[in-house]
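Report on the structure given below.
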Amino acid sequence: MAELTIIEAIRAALLNEMEADERVMVLGLDVGRLGGVFRTTDGMIERFGRARVFDTPLAEASIVGSSIGLAISGLIPVAEIQFLGFTHQAFHQMGQQLGRFRYRSRGRYPLQVTIRAPMGGGTKTPEFHPDAIEAQFVQSPAIKVVMPSNPYDAKGMLIEAIRDPDPVLFIEPERLYRKGRAEVPDEAYTVPFGKARLVREGEHVTLIGWSAAVEVCEQAAAKLAEEGISADVLDLRSLVPLDVEAMVASITRTGRCVVVHEAPLSAGFGAEVVATLQEEAFYSLDAPIARVTSYDTPYPPASLETAWLPTAARVVKAARKMVNA
Amino acid sequence: MEPVTDNGVYQVLEPSGKLRKGAKPSLDDEFVLEGLRWMLLSRAFDSKATALQRQGRFGVFSPVIGQEAAVVGSAMAFEPKTDWLVPQYRELPAYLMWGLPLSKHILNLSGNPIAGRIPDDVKLLPTQVALAAQLPHAVGLAWGLKIQGKEGVVIAYFGEGSSSEGDFHEACNLAGVTGAPIVFFLQNNQWAISTPRAYQTAARYFADRAAGYGFPGRVVDGNDLLAVYEVTKEAVERARKGDGPSLIEAITYRMSFHNTTDNPSRYQDPKDLEEARLRDPIERVEAYLRERGLWSPEREKEFKAAAAQEIEDALAEAQKAPPPQPSQIFDHVFAELTPRQAAQRREMLGRD
Amino acid sequence: MAELTIIEAIRAALLNEMEADERVMVLGLDVGRLGGVFRTTDGMIERFGRARVFDTPLAEASIVGSSIGLAISGLIPVAEIQFLGFTHQAFHQMGQQLGRFRYRSRGRYPLQVTIRAPMGGGTKTPEFHPDAIEAQFVQSPAIKVVMPSNPYDAKGMLIEAIRDPDPVLFIEPERLYRKGRAEVPDEAYTVPFGKARLVREGEHVTLIGWSAAVEVCEQAAAKLAEEGISADVLDLRSLVPLDVEAMVASITRTGRCVVVHEAPLSAGFGAEVVATLQEEAFYSLDAPIARVTSYDTPYPPASLETAWLPTAARVVKAARKMVNA
Amino acid sequence: MEPVTDNGVYQVLEPSGKLRKGAKPSLDDEFVLEGLRWMLLSRAFDSKATALQRQGRFGVFSPVIGQEAAVVGSAMAFEPKTDWLVPQYRELPAYLMWGLPLSKHILNLSGNPIAGRIPDDVKLLPTQVALAAQLPHAVGLAWGLKIQGKEGVVIAYFGEGSSSEGDFHEACNLAGVTGAPIVFFLQNNQWAISTPRAYQTAARYFADRAAGYGFPGRVVDGNDLLAVYEVTKEAVERARKGDGPSLIEAITYRMSFHNTTDNPSRYQDPKDLEEARLRDPIERVEAYLRERGLWSPEREKEFKAAAAQEIEDALAEAQKAPPPQPSQIFDHVFAELTPRQAAQRREMLGRD
């Protein structure tokens, strides 16, 4: 057991898997001597060499596209896209190719591929870098989309992703990369996909989030507690597969729900959460489910991002309103 | 000196079938005959399939007509047991040479890709509809073989139109950097649906792009079976020796419609087609073999009868395949369906 | 007035605008002598020449990307992407570039650009061609997403799109291209975005669709009528901007709703419709809103598409269930 | 004969500042001095900005240090009144030469792009973060000027790393086909963050790619102001005459960190940096002018003082700009907000 940041937990997972299975390799921009722009692969090229820790040319579509071929050749690629926003450069290789090879080949070519990328705002990164576009990938049916929010899950879910026989998009919460540490077992372990995490238990309202938004939910829950409003905080962890049961179980108890995400409101994954809950828990709902998200504009200038991103205050306001209604 | 045309195109057989000055064919007669057999089978299948499609018994497909020498000549330079074929969609005879049963191909064309699954022992990827998207896959595959010290060279087929996609560039560049054992085989058939080659690029030759990736590019007469074989063989040996990728531009001509939904009369000058017919790749090999006393009307009849029979058998075989079932919509999505997908499957089957 | 198919209506709109404004130009694959694979630009190159009806090289990202520059130079490009599925090859030029130039340049570079593409299944097209991926573009905040379902709207909305000072993704219902004719005025006219069309009035349930799904809703409504269930059929027409008022007005009357779309269920735009309605019309809902969509798998083999796509029968079943509940 | 190095790189001034044999500089002394002024201003700004960034008074930025000759020499070959500049992000002096007030650039770097808006009369596009995405924009712009018979040539800047993106390929190919008046100016500064040039491509020169698009490619010593100017001027004239695009590879070296978040010591061999310093583009011009009696310690002091003053004034000017307001989040999304956006705006401003 050691206290690790998310960055360190991710590195630990990569080390575990690369040592345990020589078919596992890492590729992406600057993953070599630099150790990645966030140091998640720090020290790996010295340990495993350029063949297994490969600095690619600056071309995202070929990073994802070649990972498909590498997997077919018998390797297990873990590709890093420097920032989730730049998966757009590889978009046609994601849903249409990575997500369909098993299907199109009727099982002949399953793809054990993991695509890692940091996501989210609040760190004043340049345009595109912080874009929260997870919902766009959920609309590509055969890619798993998972989004850990803490060091323990980061390690366990990354190992699960690397071992998953199907493509997994592993989205990392950039803002929380080095924010706080948590106990993480030294040995390899997995956190199964499709099981949400009940972060905090309450009775009046359920706050649902994923990735860095979980932190916002926790902050809001703490504030609400001061007002005598107790909240369930649910960390979805994975959007595909989705843990509908856990959401319904919570709503059935609380009857109220606020969904929080960093992506703009319209067609964000929050809409799917709301739609699913009103289908599955309609008669348990005491009030309309609220969505607290960023607004339907492009990502604003860095100096304005805090006014654009969902905040605990906005979550509190939404929750309070429905509880006192 | 090398047998090349005035504009630097490698050519062994002149359109008439005569050996070009300086040419010393490296393909033995028996292999030339073998190549011709595949070319005739391909040509026969295209006309049969077109007929069936017109009767609505067949889906949309893209004939190889006019490009048989490019496809067969290149495929003959490989070892299907160890090498990999990454297709676009206009390379039927190559798939067959790699071991894909014709009946499987027919099933894929007639809307039953389920029964058309590629057999496990055939080193072939599914045909690619998203143009050029197969190229980075091919590079990753070749690179992966190299990393693991596995033998095997990859051939990636694509059209001149597809070479305008960003994926072509990214794939070639990565292949150069990794020294992957791959042959990029560009079939320049002068058309991308209705878009003429001249609108596709201002480059003199597509093969000129290879220099920008640090590996050799070669232009070959794609209607010349022997020339295509030799140029490809050279690239394959290069890759096998560990010297990395090559780009081959085979200059040929799409002698038919783009696919069965297309009507070239809207955009094609009939004269162009007439001229192209004078360079028919099959007639060229036949003339060559006739010259060498290896091709006679009898033999031709024999070959064509065999091809027709092979096609009939494959059609019959395909008939036996079970039709696709709705429940199969949910097969092979993931190793295991998500709970939500499983529920949708039950709903679809009326079991909810 | 003439009776036109959707194809003819689109061509009429293009002709109107190209004649009225010489800055308007068309570019894309095979738009010249072939007239586009669906003949929407038939006869135009003969009339306007290659400079204004341009067959581009086979590269979608450069079709969208160069349209951005063409607009900055003072032209009004109407770019055709041969099939919506291939906008994925241009995805990084859509939301991040086309959708953000006005914003990023603080109004210095607005982009009067229209991107046209056919969408939808039911015609046994090859892989990727039919993919219904509209929701992915709604998650790109500054592109308007409009989807006509009939000849009259096709002409009026395309003219509106071409004249709109901002980027518009104009998605055409391939399955309905030549299916039926309708009266279309000869002169230029516009159909404003953000106004849904009430196709049919009823009292028991609201059926909401867009693009070819509107036809499915109409078929379902007809069947339901035979059972004495009368349905509102609402054609959203545009997803961005979204006509929330019209949806709420209908639901307030009927209290029940089925949303229908061709895209897979998860994170499809139907989720946004449901989420919006339960926020805006929660207390008018007598039953959970149902979504009738395709399933969460890749687009299936052509021979199985009818079992995968949403059908009138499934809509009827869902509507009947909630009315008789 | 042409003044080129043994490996074919166009060069007018040797690193020492001496004229290369065969070189006849086409840039008059006054312009060389003008160029030096811009180079010194750029260098001075980079050190000032770095200092401010370290104090947290400035956002992340990428210095030009080491590449001043490439940027200034190329920009001098254009007519900012009629020509367009499509930037990546590492070309500050070019923006200023085009007429962007330094204060605006400072505002953009310090998180206030709103006040940093590009003035209407400056033919400059916003800097581009999505690498190579600006290239198709630049081609469309140049092509559009040509279609409308408007005068003007476009220069598109990008790094050697960006040239690996598919957008580079699609843009170059479209430029070749349309004959657009554009100069693709590739700054090969040997690094893409930590990725060395050798990992970026196996090509001998990036400029070798031009042949694959049907236009000329030229390699120039990017640390040689005079050579860069001449090669670019030639490309500009070509474009102005209607002869279409060119690709220029300027071989230079990133003499500083990638940006202020970067730490090159993790991946860069100090020796490389030492060697690069010996080829400092500013010292080269200074030596050349000194040789010609046009550069003295006094003059240097004078130039540097002027640069320092210009920077101070710009910083002061930037200070005056109003800070961004949250309400501005909703400005310039569309010509008119959608009802939903308008409602969100009201909510944000607490007006609901």
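A few comments on the model shown:
First chain written, first letter: the chains are A, B, C and D, and each begins at residue 1.
Note that in this section a residue touches a chain if its C-beta (ideal position, glycine included) is under 8 Å from a C-beta of that chain, and two chains touch if they have at least 3 such contacts.
Just so it is clear, the structure is predicted and the values come from calculations on it, not from any experiment.
Set against one another, A-D and C-D show the most C-beta pairs in contact at C-D.
Among the other chains, D has the CA centre that is most remote from the centre of chain C. Mean C-alpha position of chain A lies 36 Å from that of chain D. Chain centres here are Cα means. That of chain A falls 41 Å from that of chain B. Each chain gets a centre from the mean of its Cα atoms; for chain B and chain D, those two points are 44 Å apart. In chain B, the residues that reach two or more other chains under the touch definition are 113-114, 130, 164-167, 169-170, 173, 177, 199-201, 333, 338, 340. Touching two or more other chains at once are residues 56-57, 59, 61, 85-86, 88-89, 92, 96, 103-104, 127-128, 141-142, 240, 242, 266, 296-298 of chain C. Residues 85-86, 88-89, 91-92, 95-96, 99-100, 103-104, 127-128, 131, 133, 135-136, 138-139, 141-142, 239-240, 242, 263-264, 266-272, 274-276, 278-279, 282, 285, 287-291, 296-298 of chain A touch chain C in their complex. Residues 29-30, 32-35, 37, 55-61, 85-86, 88-89, 124, 126-129, 265-266, 295-298, 300-304, 307-308 of chain C are the ones that touch chain B when the two sit in their complex.
Touching chain D in their complex are the following residues of chain C: 25, 51-52, 56-57, 59, 61-62, 64-75, 77, 92-93, 96-97, 101-110, 141-142, 144, 165-166, 194, 240-242, 244-245. Remark: chain D residues 113-114, 117-118, 120, 125-126, 130, 133, 135-145, 147-148, 150, 166-167, 169-171, 173-174, 177, 331-335, 338-340 touch chain C in the complex.
Contact residues on chain B toward chain D in their complex (touch as defined above): 164-170, 173, 176-177, 179, 199-204, 206, 208-215, 244.
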